[in-house]
Every structure is written in C-alpha cells, then in structure tokens.
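We just call them A, B, C, D and E in the order they show up, numbering each chain from 1.
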C-alpha cells in the first residue's frame, strides 16, 4: 500500500471528520473496540483497523469493506474506548458518504414484500432504511 | 403521577401488546400516561452524522410539548427513548444545533433542552420506586427464573443515556425482583441483538441472538424479557426452535410480566405479540 | 427642646468646673438662621454659648481627630446624636480615637431640619429660629411671629431613613429615647438599578460632571479619617488633579470603596456636597451588596465586630458570574 | 533619565519563529528610558548571560529587562547575571514573550505587536524598580517526613544520617508502605521484604529519627525554616512501652474485617499488627470494628494481655512540633475499577488486581506464597494479565501512563512460571514500555525464556463460564479476535494518589495536577521542590514511579531539606510588604487580613506643629511576611506597599500596557 | 493604541492581573502545551489576587482597557492560604459596584485558574475578548484626554 501526503490530507477524510465529529488521530490502536464488538467475527476488517486505515488515509479500503455495513451501531466500542473516540459515529460517517454520493442504497423497494412477510416490526424497517438507504 | 406519553410507530402496530400492557399496568399503578396530541415517528435510529439535524425535529417537538405541559416525557419503546433522550442532549450541549432547530420549528418559547425524557422503567424506579411497586404486586412471580435483556439502546452511550451502569446494569434485575421473580444474570445481557442487521444480514443477527439466548439458557433462565420491539423480534424469530417449532426460550416484553404480577393480565391473542 | 439645651449647658459647665474634662465640644449658633457651628468650650463660663435645636447638624465626632492629638492625654466631652455616635464608634474601630479620653453625652435625635426644604417653600423669610414641638416645627421670625408646620415634611431625607436616632455609644444619655421608625433606605439604589447600563452610566456621568473636587465629602466623612489621603500623594500619583470626568468618577468610586464596610450611612457626604451629587447612594449600594452577599452589617454599631471586607468565610458567595 | 537595557531572546525558534525579533528590538529602542536594546539566540545560555553582564557594564545600564520565557522559569538566572555586573538583582524585570506570546499566538504580526507591548510594560515596571535586599531568618534545624513508605524512610534516614533530627509521621499502624506488600522487585527479582525490612528497622532504631505511626498531620503554620506542625497521634489503645509483641490479643480478638495489607484477600482482627515484620511491632485497635467501641462489650484483648499493655481509655494526643523543612512522601493508591464493568472485577474472586496478585505470590501472603485461585484454592494454569486498566484512558480512567505496570506484569509472568512451570501467562498490552536499566532485557526474558504470550490489544469482556473465566480480546498484530479460557485474570489498575492528597496539599499549600498528584516547582529543573519553600516531594505522591526512582527522589528531597537545615539562617525573599509610617493611619486592618500574622502594631513619636505626639502604626516582620499583598489593598492611604510588586510599579505597568 | 481601536475592526484590549502561583502558571502551561488563544489580553503578574487593588482596575479602564480580568487560585488553594478569600469579597463588591456605575459586568471578570488549568486559561483568554467584542469599545470611565 502507498501512503502519500495527498491521501493523508484528502477531502474525504475531512468530510469523515466533519460528519462524525471524531478525530481518528486520538486512537492509539489498543483494540478495545474490536475486543468489545459483538459482530467482529462477521467483519472483513476489524473495528480498530477501520480507524488505522483512516489514520493512514486509506479511505477506499474502508469504503469498500463489508465491515461498515455490518456495524450495528450498538455503541459498545464507543463506551469502552479509552481515547473517547466514538467509532460508531465514524462508521456512520463513512456509510452516509457512500449513500449520499453514490446513491448506493443497500435496500431497495423491491425488497419490501420479503421484509414485510417476515413480520419485521416498523421500527426495524424504518431503521433499516435509515441505515441502508437514502 | 401524570406524564406526557410518547408511543412511537411500532407500539401502535406490531408491538401493540407492549403499549397495551404498559398502559394497563400503569393504570393499575395509578399512573396517568397522557398520550401527546401530535407526535411523529422519532426516526427509529439516532442520526450519528452530525449534519443530519432534520431528524431531531420530531423529538424536539414532543419534548417541547411535554415541557409546556410541565410533565416528564415517558416512552416505552427503547428505540424511541434512545432517540429522544439523545436529541435532547444535543440540544442542551450544542448551541448551533439548538439555534437551527429553534429557527426551523418556530416554537412559542425557545427550546433549550429543559424537557426531561424518561423511560417507563426509569419512571418505575425513580418516581414510583421499586419498593412501592413491590407493595402493589398481587400475584408475585415467585420461583420464575427470568433473564433480563438490556440491549444497546437504553444503556449506551452511558454518558448521555444515564440509564444505569452501562457495563453492569441492575435496573431490570431489580425490577424483576420487585415483581417477585428470580432474575437470572448472564454475561450477554447487554450485548447487541443485531438490530436492523436482521433486515438484510439475517444470518449475522441470528448468530448474535443465539449467543444471547443460549447464554441466558445456560444460566438457567426460563424466559427472557426486553423493552424493545426490534430486540423482541430478533430474539423471538432468530433463536433456535424446538422440533415443534416453538422458541426454545420464551420472549416477553417487560410490561407483560408487570401486568401479570399486578393481577391485571388481559387475554391477548398470540399473534399480536 | 429648651430643656435639653439647658441640660447640655449645665453638663458642659459642670464637667469643666469639676475638671473632669478640659474641653467640651458642642454646637453653637451660626451667623445665619440655618447655621450651627461646632463650639469648643474650655471655660465654664462659656457653656452658655451651646445650643441644641433641629439645625444642629454638624457631626462633632470627627473634630476629635484633631483635638485628641493636640491635647495629648487630656479628656474631652462630646455631645453625640445617633449618627454622631455611629461615627464615634467607627473612629474607635479605626484606632482614630481613644474611648477612655472621651466622655460621650448621648442626645436622642428626632430628625434635623433641611433648610433647603424650608427655602423651597419660602418659609425662610425673616426666619430666626427653628424649634421642634412634637410632630411640628415652630418657625420663629424676627418680628416674633410664629408659624407651625408638620416636622416630617422638612427634615433631611437622610433623617427619614435613620435607623439609629438614639446614640449607640454614650456615657450618659440626655433626654428620652425617641421611637425608631425608619423609611426604606435602599429605594434610591433600587431605582437606579432599574436603569440599563447605558442610562446608569449617563446618570452618574452627569452627576460627576458637576464635581468640583472640593473634597467636602471626604472632609466630613467619619470613615475618611486617614492622616494623609491617598489622593493627595504625589508618588504614586493615583489620581490627577483635573476635574476630568474619568478622574471624578475614579475619585468617587474609590472613595466609596474605601469606606465600604465602614460607612455608617450618616449621609453627611450628600448633605455637604455643594453641587448636590447624591453620594450617599454610592455608599448605600455597597452596603446593600455586603448585606446581601456576606450578611447584614451596620458599621459603627459594634466596634468589636469585624468589618466585612477584612474577613471572609470559606463558602462565601461570589458575584463573578452575574450579568 | 534611566538607562534601561532590553535583552530580547530568540529562544531558538521558540520565540523567533513567531515574533519578529528585529522589530521588537527596534520598537524597544523607542521606549523612553531605554538606553540599549539587543537580541541573542539563547539569552539564558552562558554567552547570553555574559552578554547581559558585559552590556550592563559597557552601557552603564541601571535597569534591565529581559524579554524571554516565563519569569517563573529564568528570572533567577537573569537576576544572577545582573548581579555579576554589580547591579542589584531586583532591578531586573522580565517580559514573558514565550509562554504568554509566541507559543500561544500564530499570527506573526499580532504576536510581535503583543511582544512589544509586553516589553514596554516590563520597561515601565523596571523604571519604577528599586534596589532590594534580603534579610536573615533563623532556621529550626529539624525535619518532618510525611509518609513512611520506602520514599519517606529513605528521606528520613538520609536526613538523620547527616546529623539532623527527623520526625517520621505515618498514617497507618506501621511504616513500610506499598513496598512491604510486594513480593519480588523487577528487574532483579530481589525479595522486597529482604531489602525493605532492614531499612524499616534502621529507621526505627536511628537515634535521630522519631517515629510517629498511626499519626496524622492536622495543621501546618509558618514558613520555610520555621514550620509549626500539629500532629495527631491517634490512640493506639496499646501501650507501646509495655507491649511485648506476643500476639495473644489478636489471637483472641473475636472481630474480623478485611485486611488492608492483604488487599482484602483475607481478614484481620480488630486489634492487629498489619504484618509480622511491622515496625513498630505493636498492635493497634481499629475503633470502627472493635466490639468494645461499637457495642461496649468484649475487652477480651485487655483480659488476655499479660503485659497489661492494652489501654482502652487511651485518647488521641495532639503534639505541636517545629521544623525547618518538610518532605512529603504520601505515596499512591490503586484506581477503583467500578467504572470498568466489562472486567467483572469484584464479581468473581479469580479476577484480581496486580497488587492482589502481589499478595498471592508473596510468601507472607494469604496462601503462604503458593499462588492459588481464590475461588477454589487450586493452582492456576492459564493466567491472563490485562495492562492499562484505567491507565492511558481519558474516558473512564486516567489519561497518564502508570509507568510501572509493564515491568511488574513481566515480573508476574516470570514468577508464575517459576511457581508453576506448566502454567501459561497471556499479557494483553497496548505498548510495552521498558525505559529503565535492564528493563527491556527483563521483558524479553519473560517472553523468550518464560513463554509469556504477549497479545497486542485490549480485552473486551471477562466473564465466568463454568469454573473458568472467558476472556474475549483482540490481537491487533494478527488482526484476529482472541478467546482465552483463563483460571485467573489479573488487572493492572492505574496508579492514583492517596485519597487524602488534596487535604495534604491544602495543609502545606502545595499545588496539585488535575489528578491530585503534587506538583513540583519545575518539571525538569526543580523536580523535588514545590512552590511552597521548604517543602519537598518524594515518591509516587508526585507521579507514578518505581522503587529506585522513588528512593532517588527521596534522597534528592533529603539533600534539599539538608540544604536548609545545614544553615543557621536563611536569606529571606525581599519581595515582601513594608509600611510607610508617615502615611499609616494606624487602622490596623492589615493585621486582620494577614494570613501569616506578620504584622504587629507599634507606637511611634513624631512632631506635629512643633509638638511631639505619639501614634500607632503597623509594622511588618519581614521574615514572616510572604509578600501576598493582601494588606496593601486593605490599606486605604497606601501606606502598605509590596516590594517588587509596588503600587508604583503596577500602576506604571497598567499605564504602559494600555498605551 | 497597539490593538486596533477602530469601531469597525474593534479588537478589545484586556488587562489581566494574574496571580503568580496559579493563574500565571496556568498561562505558562497553556504556552508549554502550545494552546492557542487571541492576543487581546496582556498579563500583569501579581503575587496574589489579593494584591489587586480596585485602584489598578479603575486605572486600567481609565487608560483605555476594554475589559479587566483578575485571575487567582481556586478558593481553598491560595498559595498564601487566604488571599483569594479576601479577593473574592473585595472584587465581588467591586464588580457589582461597577455595574451600578453603568459598566457592563462582562467588562470585569474574575476567574479561578489553577496552575494545572492551561486549558481553562486559554478558554478564558478566548471567551472574554469575544464577549467584549460584542459590547464594543469601552468609553465609560475612560480618560478622554
């Protein structure tokens, strides 16, 4: 991988910082977030690696990961972080940027009948759409 | 005791039993929960992106209405409580957002976070008192081993929610004890159930649910209670089934047990649960 | 009233005759109808110069400052009204007088006449003497005419709010004590506080603009008893000599601050001001705040009590976040 | 006209990087009274100081302004430089254009403008400066050491060995402190007790050391060279003279409470000696838990004591003592872990802190050094150590590094392996910090020879699963999450100051940081001194430290204290109050506001209009006055003034700063 | 006037009396921590907040200060034991009195800043100019000559 001054100072990193309100430089990679994460086993990159990749300006690797869509915003990582970095906010910022810019909704209208058939409560449907579509 | 009450979408539809049992029990306890005249969906998830202010508006409207009525705002659904409480916190701590929201809403009085959002359980613990609750129990749930499932939304982030010790909570166990039941503590009681992952990542959510359910069962639980329609759905639908197709561990809303213990249990059609 | 004046003369003569004191300080009639001067009586036979009437306003305690140091070790008799006694106690607290060397004769005071109030209504024409008779003043003109008016309408404002008309310090009290029925004294302060900051400033700027730096307020004040005033120093030069608005304000603010917690609220500053600056309001504002923040305190009542600005409590409130 | 010299320091790029030095020099030359203005790269260097000295002489300067760093940093340096040129040191003023200017402002133009203003202000102050001279004050040649841990013991021994009397005051019943609780010490694995106990005995038998255990300082008055301290000697209820140390009393005592010394792993009696090697080896009755004091029944100890040493009527004693210097060595505590629910500490007996582990491996500990699982008294096989529990954690714990955990954990893995060669240690760490002599080598030994597995990452959750503890963590180096079934989990909880540190700070007017560690006078150059003259710091009360550092600082403190005790008199700071008797009105309000009782009244005679009169004025005892200036503001006529911070100087500063 | 005084581009001048032991040291810490704050305030070092005479404060206003700050150790932490307790009374009375004279209270602030509170020092140094900027230049008590 190539780390360059351009990638370290890219606009998208600034957007992530602005939208999330978090400074990824505060992370010292102790891994507490990963250790605490209840869905870590399903992730392709681990929570602390998300922060590390962002520290190195490797935004694409984060954006193309499964991890950001697996994060359930359960805030366990945020509550235990010794550096007060709210990783849930960072994950959300990356998701939001993708959804806004590429319009790449993860749920489509045609999925609805199946979701409704399962008896999913309204809260689940709304939150799913809020998290996965724009 | 009189409160403004915010129901939320799900309690009016698929989780009707949660609302009905909560209101029924409140009535029995002499607590008046007055449904707000105009409420809108809270948005179900709190907007973590700092630039999504529009999602606060319905919360602030309800908070402001409760403040004007001079009442605390009670919610029963964990998700609604989470969103409203956090929205209030943002209004209290972020002047810029506060101004924007006020400009948009054009309320009679500037709203700066004076309203107080509490969850039904907090109402029982802090305003009524679990000791007073215990006194009103007519049919104690003696001998029933119940696991409390907290999930995420009530507890975290702890600095904002201030619901209980986020790592080692006790409010639901104390609640169960007040009802006469034997609370079962198990390691995964504060772990996430997968929430909306069940919409399109069902497998992952199922793995999370099984961890929770099996941990509770291994600790001797006969049933599990929760306070969130989505947790309820996940815990019920995604857990293992007996050969007869029954869930291996029954799942209840916390208020259902309350009704029962207070001796005001209604006959409920199974499918509304 | 005449009775009390006779008593005063009698006592003055006696104490000089017996050698109890070598000087008696009282009041004597001035050149004009409204004037009374401090009288320094050293001979028994001069005691008849002394008077007592509702115009005996000068505060005699302050004259001790100079008399005591000049008459080393000698004793002085002093007549004190309520406000004079407070002043005496304040001087005592400030180590500016010696209790043992002073014999205090207390005079209960039912208020003094403000000549300007009589002048305003033209009642001063041909006036020679003013006497108090119960709730009335008897105005005696040169031609022997007498006119009676309600006393209350013609007393000094400061007397209407007086809380200690009966002396708090005396060796012997002359006459009957008078009832204490003060009007609210902070009305003026509160009224000014209703103004916004700009209007308050304009108000005071206008008042101070009249100040001619005559120092009468300082010279009459029983709490302003320094041997050399800080404003008279050449080095460091705290304050210029010009009557420039900011310097005038500086002077009055610091003077009020210097008497903070020590002002006995006698109102002499306002009375003597030749340009009628309501100086007493400045002192009263500070009294009000001290009372509110650090507990009620009346300077001059008990010389043993610690003044509020030289003590503290660890949990004192602060006024640093108020706006 | 004054001849003021202005010397402007670049401080390398620290000042020159933001402030246009040339411009400041140029502007300084325009200030009335300035006869010379120059600059140099490092004014505090020898060359810089020489430049000041030489310029004073060459230019015949009568006042000096140095625009550089904070006067709290280098004022003494530049005063000395001026003195070497024959100028009174108090004619030097500093303009702080570094901490208060170049370091906090980014814009060069703004910073330069402010620097010029600060120089102008300092020039104004300097031009009103006058020569000041110190006074001699007598020294009480005895020392007080607060805290009887290894730092306090060392400080006391050093001072006593130099021939001065020391009172060593310890809050608990015995000296020894934290070191007495430890088993071995890193990286040499010396037995802690073996090296500590002789020192404890030395301290108790030294003719110059008076031991006051079970005692606390209640009040401190005075100033360097002359402190008056009230010590509360708490009732021990056992006569130290009569007690033979037989131990019958605590054998028979019926009340049990958790042992502080054993970190609550076992219980002690209400009458107890914390540990067998305690000094003094005299029991003490803990009133809160003694049946007699709680229920007025029992007195068993009294009955069984053949020496008749138990005295239940004993009362606290208040002793007033005088000292010339004080060494504070109050030590540390371990952070409470209530906020860290994910570790389940306190909910399972096999989840312990490192200090508890220390007791468990200790031969004098509750298991006789056998290291058994508290839950079932079986040897552990898998032991998980978690580093940084509450350290480096600004969210729920403390933001600082506790410094000693990396090393004692390495030690613990080695001790574990020594006891049970079949066992396995796992260490979750964020960074391993081994800055110290032989530290890195020791850590490598733990990994390479003792098979400790170091996992780089934190633990998310610890919970009981069957009779094991399930540990869920991460190893960030492999990028894998890790589950370990452990028999014991050891948490390296953060080091914090003693809970009464703020109270001690108040008594001695010490500064503390945000965590209540005492603040040293300068982080680099005055590491054992405090801002309270005559009070020195030793050990972990000042910040996390290991034993050799605590001992070194103790000896440093002792030598600083000796620097005071070795003199019969001290030179006072001349920047204190003085009275202008001609202005003093004698109201004596200054006496009421003086915190040091430094002002008294006196009667003077003076001529007024040809007559001699007496009057009262205030008088300042310059040795006692500390120069706060509270009196100067209480003084209406301006008779009371503070030398070095005089009315003239401050007014000149105000005028100049507003120009 | 070294700070821009024009109405349209008004930069307030603040005179800050800081006690040597706490607030001045807190200012030093803000510096060593490389915090950043605007240059409006100029510090005059005094031994203790109890050394700050109302005369100094008035003099500052007279000579053109737009605001005056007094900063000392937190009550209870005074290096001179009780100095700031006296300052608290004196300056509370003065602050109200200046308000009575028509001077906006925002122009005279008192803060307790310990030696370890570099952050607070920087915060006060940032916030006070902002408040005063909103009020505009001070003309009250100012020597117009």
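Rule of thumb we're sticking to: a residue touches a chain if its C-beta (ideal position, glycine included) is under 8 Å from a C-beta of that chain, and two chains touch if they have at least 3 such contacts.
What you see is a predicted model; the values in this text were computed from it and never measured.
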Subunit E and subunit A - chains in contact with each: D
Chain at maximum distance from subunit B, centres defined as averaged CA atoms: C
Comparison of C-E and D-E by number of C-beta pairs in contact, larger one: D-E
Interchain centroid distance [CA atoms averaged], subunit B/subunit E, Å: 50
Distance between chain centroids, defined by C-alpha means - subunit A, subunit C (Å): 78
Whole-Å gap separating subunit A and subunit B, where each centre is the average of the chain's CA atoms: 25
For subunit E, residues that touch 2 or more chains besides their own: 54-55, 59, 76, 82, 86, 90
Where subunit A touches two or more other chains at once, by residue number: 41, 76, 80
Shared interface positions of subunit D, touching two or more other chains: 342, 461, 593, 634, 647, 651
Pairs of chains satisfying the touch condition: A-B, A-D, B-D, C-D, C-E, D-E
Residues of subunit C that touch subunit E when the two form their complex: 189, 192-193, 197-205, 238, 244-247, 249-250, 253-254, 256-257, 260, 282, 285-286, 289-290, 293-294, 308-310, 312-314, 316-320, 322-323
Footprint of subunit C on subunit D - complex, ascending: 582-589, 592-593, 608-609, 611, 613-616, 634, 636-638, 647-648, 651
Footprint of subunit E on subunit D - complex, ascending: 70-73, 96, 98-101, 103-107, 110-111, 113-114, 116-118, 121, 505-506, 509, 511-514, 519, 531-532, 575, 593, 595-596, 626-630, 632-634, 642, 645, 647, 650-651, 653-655, 657-659
Residues on subunit D engaged by subunit B in the complex (per definition of touch): 339-342, 344, 347, 461, 463-465, 470
Contact set on subunit A toward subunit D in their complex: 28-32, 34-37, 40-41, 46, 48-49, 76, 80-84
